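A, B, C, D and E are the chain letters, set down in written order, and residue numbers restart from 1 in every chain.
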Amino acid sequence: MDLATLLFSALYQFGDAFAFLVLSACGLAVIFGMMGVINLAHGEFIMCGAYVSVSAARAGLPLPLAVLAGALASGLAGMVIERLVIRHLYERPLDTIVATWGISLIATQGTLILLGSSLQGIGTPLGGFQVGAYSYSLYRVVLFLSALAVLAALYALFNWTKFGVIARATIQVPHMAAALGVDTRLIYSLTFGLGAALAGLAGGLYAPTMTLVPTMGATFIMEAFVTVVVGGADVFLGTAPAAAILAIVKASMTSWQGQLFGQIGLLVTVIVVIRILPRGLSGFLLRERA
Amino acid sequence: MAFGILTRLEGPQTLGRGPAFWGGFLLVLAAACAYPLFADGYTVGNTVYFFTWVFMALGLSVIWGYCGALSFGQTAFFGIAGYGYGILTINFGSAYGFTLIALVIAVALACLFAALLGYFLFYGRIAGVFLGIVTLSVTLVLERFMAQTAGPEWRIGAARLNGFNGMSNMPQLTIPWPGGDVVLFPDVELYYVVLGLMVLVYLALRILLNSRFGNVIVAIRENPERAEMLGYDVRRYQLVAFVIGAALAGLSGVLYTTWGQYITPSSMGMTAAALPIVWVAVGGRSDITTTLVGTLAVLSGFQTLTIYGSQYALVVMGLLLVVTVLAAPRGLVMALADVLARPFRRKGEGA
Amino acid sequence: MRKEVILSTLGLRAGYGGKPVLQGLDVEIREGEIVAIIGRNGVGKSTLMKSLIGLVPAMEGSILYKGAAIEALPPHRRARLGLGYVPQGRDVFPRLTVAENIAVGAAIRGRAEPEALAPILEAFPILKERWAQRAGTMSGGQQQQLAIARVLIARPSLILLDEPSEGIQPNIVQDIARNMVALNAATGVTVVLVEQNIDMIRAMAQRCYVMDKGRIVAALDRAALDDAQEMRRHLAV
Amino acid sequence: ADPVKIGVLEDQSGDFAVATIGKVHAIQLAADEINKAGGIAGRPVELVIYDTQSDNTRYQEFMRRVLQRDKVDVVFAGFSSASREAYRPIVDQLNGFAFYNNQYEGGVCDGHMIVTGAVPEQQFSTLIPWMMEKYGKKVYTLAADYNFGQISAEWVRQIVKQNGGEMVGEDFIPLGVSQFSQNIQNIQKAKPDFVVTLLVGTAQASYYEQAAAANVNLPMASSVNVGQGYEHKRFKPPSLKDMYVTTNYIEEIDSPKSKEFVAKFKAKFPNEPYVNQEAENSYLAVYLYKQMVERAKSTKRDDIRKVIAQGDVCMDAPEGKVCIDPKSQHMSHTIYLAKVGADHSITFPKVWEDIKPYWLGEAGCDLTKKDPMAQYTPSNPPPKN
Amino acid sequence: MALLETRSLNKHFGGLHVTNSVDLSLEAGEIHCLIGPNGAGKSTLFRLILGEHRPSSGTIAFAGEDITGLHSFERIRRGISVKFQVPGVFKGLSARQNLEIALQRRLAGAALAREISRLLDFLGLGAAADTPAGSLSHGQKQWLEIGMAIALEPRLLLLDEPTAGMSPEETHLTGELVRRLNGEGMTVLAVEHDMAFVRQVAHKVTVLHLGRVFAQGSIDDIVADERVAAIYLGQAHA
């Protein structure tokens, strides 16, 4: 087999793993990395996005708009949940584990009761393309590009806009932000909503490629947490390199020894990286920069 | 002397003191002892089942509630001890009280693993959520690994690991007895043994937590830097607390395994790993009494819901969790105590 | 030609967890004044400042600002009405850079206006030097300077300063006092100053309240401030 | 008369609910019918149903409960093999009696259990040779990485070898994995004539959509998909095109008995998305139990096993005739080869009648003589003696 | 012999050279004050002495032993104790428990209880003994932390701005406390911006500037030094 084919396939596998890690993680990165809320209902926001996207697409909306609709729906759900529940827990972030676990139970079982045990899929658009001996799904390339776009947009939003700076300030010292004139409730609400919307976006983007069941969010959870934590406290600095490292490990372990090793490799990488860099990748990058 | 012990059972680190508390304690204990005389085999066996989990919860309370290190991977120790017990007893049987020795060895295995892992973590100064995720990763790795050991090559002596289907039919705990060993079926026999263990562990933890050691671990929870600047080797205290927590999780693992003669990789999976955190948090993590009561309450409450709640059970469970967290910031037990104490409070006190 | 009262409290009771620290406290601040508040540790000076900005809710009594009752407003609404607050213990945003900390301060006004920024950076040159450093890694005194600058950038009409001299080197304490007085003269900004540093009080304040156990127990005029005996007596209450 | 109590432990929520809610409904349907027709030996049937929430520990809790507290006569329990293994020690310990109405990896030799689901030898000894004849001898297996998948893959391997074929690859997928790009590439590289997909759980089913999107146009063979998780209904055509499945039942089966069954089912449960093979297994199990109790004139397990030992416990189920094998207490089945078309319609190119669960008996399990209460596998057969 | 001695101590944070070849020598029994502009590196020097930061180069000796490689708690056990610039108390624990944790390495039983009450009274925290330390006012926290630091009965006491937020009266009291402890044999190294306090206690003053030792001498020498006035004290003291 010629080198170009080999190279492309390696790249494709890397990109595929990278996209899954980034898109799984970015919503969590905002909610957990920024707000300190350990959101065990992350998977259910993803599920929500997927369900809404598919329903919208089935109702005739073009897929890109349907995906956005899914993100929007998740975002709104997130803002409602923030208002009802999360808002009261910022002082004690560890309790959010229990609350969001409860929300996740309600969401999965509620979906099962209301919408049944599964939803019919809509099929993957765009078809395949051939490189050398292999054919690939074009939609997977779109997923990869979406992941890059989301990363860039997030970075810009949180580092270059007023909202971003204020949001980070609010999360660090909320009472002081309030005393400086920031409507912290609004900021929390928007930030949580943004995180939920990103989760919904991931759900919408992956919906055409997956089984749609109330528990589907669970398959994203481990990857999401692992990426965010390896990234470290500064999520916008950390998520991209974390996803890149993890994707390399996962893709190469999977191609070498199969999916089990891919998964175990991922988890072991987490353990090793955190041991070497106890504050995650961003902690390391920041120290170097200071 | 007795008074000396009693004062060591009390202190700022544990709720409840004085004759009223200990009177109540003895009353509850007496009720717990008498209760199998009035209940059927199912209820007793089911209560033992709830009791088996309490040890893991108490251990988590020590490491998380007291020492401030959230371990998301207590199930790793649970599983190691459970499998350890299975492997030992399937290979060496239950004669001459070997099951008890197996229990001790299995718990020791969990401790050893915790000591290695804890050394790696705490001496690497890993803290906060990073600790949570690393411990979670460890338990997930164990789960993934054990899940694929279905093949015949995965055996230790006579014991097949048996993959995701789990290892089963290991002997139950037996107490050697002249004229025939006492087999501890999950009924009255096991009940008294586990109840005894629970009381023992509870009292021992009270003494430990009110000792100098207890003072230091709560100090580490509050401000590890300050604790270090008072001359305490923070890492060592964290490690010891972690190993104690692991030992208790391991004890739960062995008891669970003998209760149902079964242990499975899912016992180390994501859901299983999150459950102890839910029990402990709902009860009130920073006290072992509230943890104990809370864990039993959540376990029996959720089981009851599952029995009677049909498809709505999980929804109601979820709602209850959310409401509890919102309405009872210090945990369910403290909130209940507050409500119960309200009529007795003098007017004008507080606001 | 007495100026308008800009801020006053009437029978203010406020505290933590249902227990009042302020026990029915009355103060009156006039527009353009620099008023100091002194008192021993734990008498409630910081609590008063926090309840003025809204971080500690008023349990009873009222707070009037420019004639309107503000005790029910959340902190950000009060800040938008022109109140600025420099807390005791600095409370900078540790993982934001100096620039970003200042940007948050300026956010009520949109963006940091260069004409507002220039004099501040001149007053605190270290901030300009460390423009991109994370605030959490600054020294204690540097953080204190940042906390003051962060409030000035929003050009508040009333500034609540809670022990601003704490941790700051002597010559910069003098500079801060001088700058605040100059600012006060130039813009008419009102300042409420909680301080222990007598030199700073003398350099800045026009009059002074003495607090004890959650109440105002004395009001001193300028002459009393300059009287060393008198001051010592009050600070030792 | 006293009711005959049947405990039902099935996953009505959680991961497995997609495939198992129908099992509960099937049991309810059968119980209704039987009660309308006068009950079992004149006694009404009473169901004691618990939702096990796809959680092994719930099986342990509720198995004790139905046996000790509810004192049921028999229990119908379990979807995943892990859940079966979780409750089996308790059934043995408390001397209970349970039906496992689910296809599985095979090998349970336990006098306290009756298995009505199909086992690998029934599904693979039919499927694999047929596929090899039609498409070629190079086979690739993609299987769930746990007991069911591993043991099934072992069967496939053996049968391929016996028929002179070649395994060009095997990939095992941990449960819960939903991303398959690497496996898709591995398959393309190995160039098999067809792919055996033994994918379990909803996450793994995502393979089909992803393979189709990457233009992997290979025929597929399975013992688990379609029949259990009705993927052809859940995915948009044509992602399951050219999928061949051996199953003992699915709702498309075009016999009068089957049509009548589906009609009754949908009349009672109009929202039922699909009547899968496990639903039929569960349905026929109730009738089998009725027959055995009536012949034994007792609900005692020992009396019933005496009836089974006669070797003629058979019935006409919706799938066709089925009988219980006395040695293993497993069941013979009619095996249908279902082919999924480009539009996801189902055709049946072939039907095998009365396929016996032969392996356990041949390997040495004989419950009429000895009850080891164990699970065996081809690589870990019963001890010879 | 010097009790504490740093030899060409250096510390870099990225490109920032925060501690620059510092040779500081502390005689046993002296009260040594460290002053200098904000950001001069005073707190950093403390952290180096305590082992919170590793020096980029240089060594630290305590009582003749090289402690550069020791962990913080090992240094504390050799007789060093500290009060930080930002009060570091155990916020969720009562003032009483805070002191108990500091004292329990030395005392037990009735003696421990006695010493705790004595210290509480002494620190003016008697009424707040059972208040969680996090609910104390800023000044009360300062006192509590000083109490914890002296509870260890260290040979060397490090104080980083001990009187910040204290009234002049209390500052004076703190000064008296320091002198008394010194009288009992404790060596003290204090960072302070309050010149009244420095004047009250210091046997010797070192001025740090831009990470270097800028001047050293008696308080009168330092106050008279025009260069120090220019960078640090300003006109009022000059």
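Heads up, the rule we're going with is that contacts are C-beta pairs under 8 Å (C-beta built on N, C-alpha and C of every residue); 3 or more make two chains touch, one makes a residue touch a chain.
Given the structure is predicted, the values throughout are model-derived calculations rather than measurements.
Asker: Starting at subunit C, what is the smallest number of hops through touching chains needed to reach subunit D?
Answerer: 2
Asker: So which chains are sitting against subunit A and subunit D at once?
Answerer: Chains touching both subunit A and subunit D: B.
Asker: Is the C-beta contact count larger for B-E or for C-E?
Answerer: Greater number of contacting C-beta pairs: C-E.
Asker: Would you kindly say which chain has the C-alpha centre located farthest from the C-alpha centre of subunit C?
Answerer: Farthest by centroid: D.
Asker: Let me spell it out: compute each chain's centre from its C-alpha atoms, then which one is farthest from subunit E's centre?
Answerer: D
Asker: Please compute the C-alpha centroid of subunit C, do the same for subunit E, then give the distance between them in whole Å.
Answerer: Here subunit C and subunit E have centroids separated by 28 Å.
Asker: Approximately how many whole Å separate the CA-defined centres of subunit D and subunit E?
Answerer: A distance of 74 Å separates the two centres.
Asker: Could you state the distance in Å from the CA-based centre of subunit A to that of subunit B?
Answerer: 33
Asker: Could you give the separation in Å between the centres of subunit B and subunit D, each centre being the mean of its C-alpha atoms?
Answerer: 37
Asker: If I count partner chains per residue in subunit C, which residues reach a count of at least 2?
Answerer: Residues 137.
Asker: In subunit A, which residues are in touch with two or more of the other chains?
Answerer: 108-109, 112, 218, 260, 263, 290
Asker: Where in subunit B do residues touch two or more other chains at once?
Answerer: Residues 144, 148, 311, 314.
Asker: Hey, which residues of subunit C end up touching subunit A in the complex?
Answerer: 53-55, 74-76, 79-80, 85, 87, 91-96, 100-101, 103-105, 107-108, 111, 133-134, 137, 150-151, 154
Asker: Which residues, counting only subunit B, touch subunit A once they are in their complex?
Answerer: 70, 120-121, 124-127, 129-130, 133-134, 136-138, 140-141, 144-145, 148, 270, 274, 277-278, 281-282, 311-312, 314-315, 317-322, 324-326, 329
Asker: Which part of subunit A faces subunit D closely enough to touch in the complex?
Answerer: 9, 12-13, 16-17, 20, 108-109, 112, 116-124, 126-128, 130, 133-140, 208-216, 218-219, 251, 254-255, 258-260, 262-263
Asker: Would you pull the subunit E residues touching subunit B in the complex into a rising list?
Answerer: On the subunit E side, the touching residues are 50, 52, 71-73, 76-77, 81-82, 84, 88-94, 97, 100-102, 104-105, 148, 152.
Asker: Give the list of subunit A residues in touch with subunit C in this complex.
Answerer: Interface residues on subunit A, with respect to subunit C: 162, 165-166, 168-169, 172-173, 175-184, 233-234, 286, 290.
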